[in-house]
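Got some structures for you, see below.
Next come two complexes built around chain A: one with chain B, the other with chain C.
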Partner chain A sequence: MAKVIVYPPTSMILYDLVERMGHKALVVSEAVRNLVTASGIESPPLNVTPEEPKKGLRYAAVDVPSGVRGRMALIGPIIEEAEAAIIVEDPGWLTGCSGCSRTNELVRLLIRTKGIPVLDLSYPTNDDEAKVFVQKIRTFLEGLK
Partner chain B sequence: MLVTKYVITSSESNILPSDIAMKIYGSKYIVTVKETCFGVVINGEEEVINALVKEIRALDPAGIFIKDRGFPPGDPRRCRGRRGGGARPGFYMIESESKMLPMISRALASEGIVPVIPKKKKPLPIKRLEEIVRNGLS
Partner chain C sequence: MIRIAQLSCGSEYSGIQKEIDRAAETVGAKIIYPEVSLEDILNVENTFGVSVSSGDLNLAMARAVRIVQNPDLADAVIVMTCFRCAEAAIIRSEIRKFIHEHSKIPVLSYSFTERTTAETLLTRMEALVTTVKYRGLLAREKQTGLTAGIDSGSTTTKSVVMRDNEVIGTGWVPTNEVLKSAEDALQAAMKNANVAKDDIAAIGVTGYGRFLVGKHINARLIQEEITVNSKGAVFLADAQKGNATVIDIGGMDNKAISVQDGIPGGFTMGGICAGASGRFLELTAKRLGVDITELGKLALQGDYKNVAMNSYCIVFGTQSLVNSLALGCKPEDVAMAACHSVAEQVYEQQLQEVEVKEPVIMVGGTSLIEGLPKAMEELLHVKVTVPKYAQYIGAVGAALLVSGLLED
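Moving on to the complex of A and B:
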């Protein structure tokens, strides 16, 4: 079972397909869960403490907007954990954790420079493309340890 | 550790969110269930949720999709009832991807030959466009 990061990191389809095929999908909701359900709430409502921007500094410089660093505090550790990646370009809607274009560029760059196997795809627009979409993901995931 | 998952049904699936909710109510598992318009949200211990997800998926393997969620169901920080209405931030992504679920379901259900898709036409390279303009003007 490999740890596969998916982009967009909030994608339902990619999370489902990766888990369905026996691998662990790395998504941002796990990082969010750790923050929002922590028993000792230091900084309500989302429990983002000064430690989070510090984590983000590992991936983005101090003059980069705080929103990028804050998002990278969640997504950066997931990228470090990843053993493979599936990237879907031009997703229709990206909001919340995935709603920052600069962060998304940085996320894709860090994934590509990590040297892990990467599958690049586009969202399907018809049945034939959907079959190819699923088949490519299946073949890619079967090739992972 | 408590985890939360979305169980989302494809619009072409014969399984309704209420069917899934009734299945969970009738199961041996102790979980929290919230029925929504697109499926259900379930919350419980990780092992319990993983086992339950397998049973739910068996209802319609190609038509039921699972997604992880950070916030527990009904969390006042996300629940629109407490925030004065409006969709919560993550709904737009689910709504966008839900439109593709019937296609993905049919692709998962079909075991046939994968079709060959012709390559999409690329836009005209800028240098070629410049050549055409120059030739046209000269």
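Moving on to the complex of A and C:
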């Protein structure tokens, strides 16, 4: 079983595909769940506190907007954990979105420069493309130890 | 309950959403998020005029469209995005303009960091709520009876006594002990007006020390300086009808307010950098060995272009001025360079966030430093008005507004 990060890192469709193939999908939703279920913090809606943008300094400098650093405090650790990645280009907002394009760019960069196997895909626009899309993901995941 | 619609990107991931909610709650308002459909977001290019790659900014634009289409959804709007995000800065400004042009809903825009707290937002939020809650009072154009106003500022405390629409006494003291300075300023104004405290029907208080001073003297009106100053400015400049822009460069912060019929429509408030405040001019005057009241006249004789200013920072900017003097620059050029530096910072950082419409009225003690309004005129290419009693603007606004409460 490999730990596979998906991009967009909020994509439940990709999460499902990875988990079905017996691997561990790394998605930001889990990091959010950990925060919102933590006791003793009351910073709605996500329980992100001003400490998170400071933790994000590990991934981006202080002159990078706080919203990017705050997001990176959640996404950065799962990139570090990842052993493989699936990146879907132009996924559309329904597939999942961090809400911030600068964060998306940084996430893609950090995944690509990590030196792990990466599957690059375009988002399917019809049924035939969707079948090929799923097949490519399956083949990629089967090739992972 | 005043409903403030929040159109933002990044606030929850910056960890400041709780602070925004807390500031709103403190001023008796609640934050709301206008509902939009996915279709609204996908169509934002058609309805708003542009879509961008960041999803949350498209969501904010779709919400702006929804508010314009349904103005009953919100009483006021706050547009907030991350500091230092170029994409967000463009969209934040466009959202503000869009709402300003298509509705009468007051808008506040702000760029935040993770260090933004409820206290940072409080004055801004209070002003936003006031423009909604006391619209009738703010529309008031005349002062009646005998009232007084106190502006408890960060550097100086000002007071005026007004009778039947005229300023009849003024007082101005440095702010040392907040309460004592307020009492001294009021005493000076009363003495100048030749009236006793018991004769004064009501007192209004504004400025940084407003809560402390207002409680101590049992003020009838305790109000933030944005609404009060804009009221005082258009009153003194005789510009109560139509558009106006008020620029108030204070001792510790500065404000740019877009005013419509005497009521703030949009405003920004700076306070991060002392280089854009009166403090920088004080330091310059001290370094040049002239009194602050003489700095402006000296500056009028100078040319800022003869001085190389390498920084807006109060420390490094002063260093540039000192270096220039050492290189043989004239004191008048240095004085004008300091004025130009402050004006340019306000122009670059504050005035891009409001609609600059004539007349442009400069107020506050710094407006009396003649080089500053001149520098602002050169940057804006419009005539800048400095009304009589410009340094008492907050106190005048407070005395004017509190007289309205007596009639209600």
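To be clear about the criterion, the second predicted complex is superposed on the first by the 135 of 145 C-alpha atoms of A that agree within 3 Å, B and C clash if a C-alpha of one lies under 4 Å from a C-alpha of the other, contacts with A are read in each partner's own complex, and residues count from 1 in each chain.
Note that in this section a contact is a pair of C-beta atoms (placed from the backbone, for glycine too) under 8 Å apart; a residue touches a chain by one contact, two chains touch by 3 or more.
Please read these numbers as outputs of a predicted model, since none were measured by experiment.
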Chain B versus chain C as contact partner of A:33, first or second or both or neither: first
Partner chain in contact with A:121 - chain B first, chain C second, else both or neither: neither
Of chain B and chain C, the chain that contacts the larger number of chain A residues: B
Which of chain B and chain C A:101 touches, first, second, both or neither: second
First, second, both or neither for A:93, with chain B first and chain C second: both
Which superposed partner A:16 touches (first chain B, second chain C, both, neither): first
First (chain B), second (chain C), both or neither touched by A:131: first
Touching partner for A:70 - first (chain B), second (chain C), both, neither: second
Touching partner for A:51 - first (chain B), second (chain C), both, neither: second
Touching both chain B and chain C, residues of chain A: 45-46, 93-94, 98-99
Chain A partner contacts - residues on chain C that touch it in the complex: 9-18, 21, 38, 41, 52-56, 59, 81-85, 87-88, 112-115
Complex contacts: residues of chain A adjacent to chain C: 42-46, 48-54, 63-71, 74, 93-94, 97-102, 104
Contacting residues of chain A [partner chain B, same complex]: 8, 10-13, 15-17, 19-20, 25, 27-33, 35-37, 45-46, 91-96, 98-99, 123-124, 126-135
Partner chain A, residues of chain B touching it in the complex: 2-4, 6, 8, 57, 65-72, 75, 77, 89-90, 92-97, 100-101, 103-104, 106-108, 110, 112, 114-115, 117
